[in-house]
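Each of the two complexes below includes subunit A, the first together with subunit B, the second together with subunit C.
On to the complex of A and B.
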């Protein structure tokens, strides 16, 4: 990618802003990016999300699959008090059990919640990191269910945190597939024009004729269910979007003076496309990718919700939502928290996408 | 003006239909749409529930456990047990006015027994060699060998009497335009949504107390709960998690009726490591089924102490495996798996109440003893197809299924599931083979000495337990929410909801 930030503006790059003012422009770009408070919110959400993914087993108090059948459907807040037995400040928890005969029973003894405690041993980053330390936990033989438990007595918070990487991973893979195939196809189509363009675009039309989620469902139904196939399906569903977008951008750039100059200098078409055209259509691709991330997470959750994605007991958010819906009347929190998590993360990526678009669009500068 | 009058008429019409349907039609919500309304075709309980209102069987299994004549009036058996002569009612007519007689029974049975038709329950009566008309209201069945559960099998809704002429005329359309002898005749079927039946005025037996019965297809358990709470439906099957909420409603009562359906996980006994009985026993010791029944199912499941449920002829409690993870680890070590092993657990999802949740719990409990099971779920029909593949193509390792012994006789539950002649595509899905069990099962279906049969089945159940032929789970209770203005609804152990004697206030 070119160092010249104004080149990010692509087809609408203004002739005046060139390399000499690069640093100023970069600063201005950054100011643009964080100009609106909404964008800051978006970036904060994504930042928080990434931190959660990176430190999942450290932040999550318990294992996402560890069940306690004696503490099912515990709503958040039960057995939790903000004062200790002797009036100390802090979070104190009591044991909560639930049985069909006795109902919800809250234990006698309260134990304090502390930061940095030893818990179950965990490993992360493919076994590179291993520790017993947890960000927080109970100093005693009871469990602290921040968001309550599900139908098998699993800690919802731990499941949400451990499920975060699934969403991130699906998004990244789907974008890689979508952009990896869609961008070259769109670029070739737009750059070579003529019959090539016609043929490719009709194929893209066929793919675009299906709504994205439907295309993904058809693909998963064909190739079989499971996370891997969901990633591929959501990625394939994104191909036509990238292809169309890139084609349009390339069409507007291909007859520019600098492309003609490259040709005049004897550069063959493929190097021209790669070195001079593509870098100048990067901006819409970046914007599209952040929006596509949101779409991919939503699609994946949708497929998980339909039982086509993750396999139980994987803590995939869509699957958790689908499961929680069955107990909506008895334990609304089981569906609420995964739903909120999906909403917030998707919102975050959308806000970032909007901010990027505004910042990269010189027409909106100043 | 015009609009207003239209609206008035509409409102009036709606009030009329509403009051009519509320007062006279019993509305039952089920989870799945019937596949076919032809009595011989479907193999699932929701379909059979509908066909049980339209069609009738020669014998009937009372909820109390007795087998009583229904379209038949009585029977005589030859001393060698091979010839059964059944006398028939002479006052029965079909919904189209055609009379019911011995010719009809022969025609219906010949159709049912024709292997080319591929009906799922033909196996119930494979020992019937010939059906003959003796006179107008007498019919004779000749069997190839004595068959004790003969009458029990004639109570199965899959053997109900259809009219051969109607079937010949309609062909496959019969499934969408059924004509039977039952107390309700078919009116309309909005596929995927509802089946409407109306009372048959020329019914030979006691007239039902409602003018019609409608079966609504509502696949979401939560929606069914909401509908029964608002009165949109009168009867609905619900799931354990909703019992407390529905019970709190003053207009609705939840009935907990023990069922004949046993839920189990079978092992493919031709595959390592399940060929080793120690591994199968270890798995049984590793799963805390008491805790699952009590806390996950909220007490609505009964831990299995035999391979068939109580209430079925031939049931003898032979004891459940206690929860003993230490013993499980020890057995695994003896079998050569001190560190456990990895396998795949196939599970249906939302076919049975809390099925996938139970599988997840089992997965987690197996992990405690070192068995690492990955759960595979599939859409129900693909799932059945996969589990029923013949040897060589069948790659299932362990899978959860349920079996309702709907004839009330252990032969149906045990022969079909454990006899070595019943390997897939029949229903002995785990390829269980045990010569002793085969002999006992053959003997038990060939004698009519009930105490001997009881003893033979007790022996079979004991062997199955010692062999750890399954991971024994639980028998289901049927949870049915019924609005309090409904009386006389029968919640049959065979998972049929019967409106024959129901009335609405």
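On to the complex of A and C.
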């Protein structure tokens, strides 16, 4: 047999896969999604975040680890003015140093900030890209600190920008592990029911007995601290969430007519599951992945904050926050900006998750 | 009802066993030999061997597990390798503090979250609704530890209203409890809003309004009571989550609870304490979930258990 007869059911089984009807539905869905301001804001945040990750060393004015011990704890915006020495418009920067006796000292000479300047050489994408060009920088022998500096005089903005990929990466790895294991497990559990279901569900129960971030903490405590283990731990903590979700969805579609039809036509159970059941439970998986991304970033930052994740001098946001906590009263900006970055990115993924849920399930849209 | 209760408790047994197994293996799977770790890096082989014998690490795994379970049954969780104190004593000392914090947090979360959700629902698509919805979204997107730091910065350092850290008076409890409760507050508000909207669109609400009842009476007496079921459920589940969330909040505020104990013990590789805390949180969480199911059964007469 060259052609699978059950494939004829594809149009009903996968809405929007083929045919004019499907295209219409998809167009309508997309229109609805982008009409909601929630989705637009969410996607904009994520888009901005991705651009920052992709062009981090080009956008960041300095290296995230370069120390300037003469300029520690510089508050944000000091030494930066919007008028030049002769009243010209533009951003002008004066040198800022910290002296033990006089506190923050702002220098005399002002230098302009220009777009596209040459700076320190950087490499990115594991050494594949290398350049000296920066998006913006000071045309002169001083450094400027839009968000101030930390205890070692490192530029906070550069550290935040360079740390963005860590959050993105943790999120992606975590949902890959969570969905990669949780979805098949949940699908098998819901589709085959009976003893398989019972056994899998008890195992899931055990994982769910560790609330929230605790499962990730347990795993990190067991296998050791560090960024790699955090990614794995946060991913494993997401498995039961996906498994429960997919099981529920599969249970609700496994007795639909098109699944019965596939069975009646003699398709074996695994192909039925993969070809006809799974595509119809994708919507909640996509929604969950966006929300899970938010949770993963929060968990990873939490573990970083507890000192169980990234190690110094990595510019991981949670770790930066933890360091900033130690001199909160002296330099509050060091803890404020990383937290703000986390809130914005997590909010972006939460907004997109909410918007997707509303668009994919019209009954929930209120 | 009794049968349901029995069945519900029985379903939790595999979880309980699973938790014990996982906690037991935590130490055994950890990289490095615990005996070497306890003895120190440069300890002579005899010392390591003696420690191995003393902690029973030289016996086969299933025997070790048997011993572990038996001592668990006797309430013996071992001794801290750092302080030599009995783990059970540590838990007895610090757990009430965490409970206090979690109770404070859930109280604040419910007291603010429920009214906020109700208002958002009855004033749907107004500024009040937008305020609650956006506020709740930011609430769930915020790292608790960051919120805690900002709270300390503003209310303790700047205004001097509350102590910076530690435990003692009621004033000590305010900031940590609010910090821990923020995300639960947001979740409760969202849940209340959607549950209220669901109920408000029902026929009996329209009937109540049509027969001329005052709006407030309809909302409170007819709608809110019916929306209680999901709200109580989420509140209960959140309370369980707060136990774990306390780990971060306690670190920020130096709150002497089991969360901070856990983090300190992980950093010191004090495994008996880590095991004890993890076991305690997981078991409390299982028990809370059972309790939520019971409350669910009591407040919703539509649910029958047979």
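Heads up, the rule we're going with is that the second predicted complex is superposed on the first by the 343 of 366 C-alpha atoms of A that agree within 3 Å, B and C clash if a C-alpha of one lies under 4 Å from a C-alpha of the other, contacts with A are read in each partner's own complex, and residues count from 1 in each chain.
Here, a residue touches a chain if its C-beta (ideal position, glycine included) is under 8 Å from a C-beta of that chain, and two chains touch if they have at least 3 such contacts.
Since we're looking at a predicted model, the values are computed, not measured.
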So, does A:169 touch the first partner subunit B, the second partner subunit C, both, or neither? neither
Examine A:29 and indicate which partner it touches, taking first as subunit B and second as subunit C; both and neither are also allowed. neither
By the touch definition at the top of the document, which applies to A:328: first (subunit B), second (subunit C), both, or neither? both
Identify the partner contact of A:69: answer first if only subunit B is touched, second if only subunit C is, both if each is, neither if none is. first
Once chain A of both complexes is superposed, is A:312 in touch with subunit B (first), subunit C (second), both, or neither? first
Subunit A contact check, subunit B vs subunit C, more residues touched by chain C
Is there a shared patch on subunit A that both subunit B and subunit C touch, and which residues make it up? 225, 307, 325, 328-329
Interfacial residue positions of subunit B with respect to subunit A in the complex: 221-222, 225, 239, 241-242, 244-245, 291-292, 294-296, 298-299, 349, 354, 356-357, 359-361, 363-364, 374-379
Contacts from subunit A onto subunit B in the complex sit at residues 65-67, 69-70, 72-73, 98-101, 151-153, 225, 307, 311-313, 323, 325-330
Going by the contact rule at the top, pick out the subunit C residues touching subunit A in the complex. 11, 14-16, 18-19, 22, 25-26, 29-31, 124, 137-138, 140-147, 149-150, 152-153, 157, 194, 197, 240-241, 243-245, 247-248, 251-252, 262-263, 266-267, 274, 278, 281-282, 285-286
Given the complex with subunit C, which residues does subunit A contribute to the contact? 202-203, 205-206, 208-214, 217-218, 220-225, 294, 298, 301-302, 305-308, 318, 321, 324-325, 328-329, 332, 335-336, 338-339, 342-343, 346-347, 350-351, 354, 366
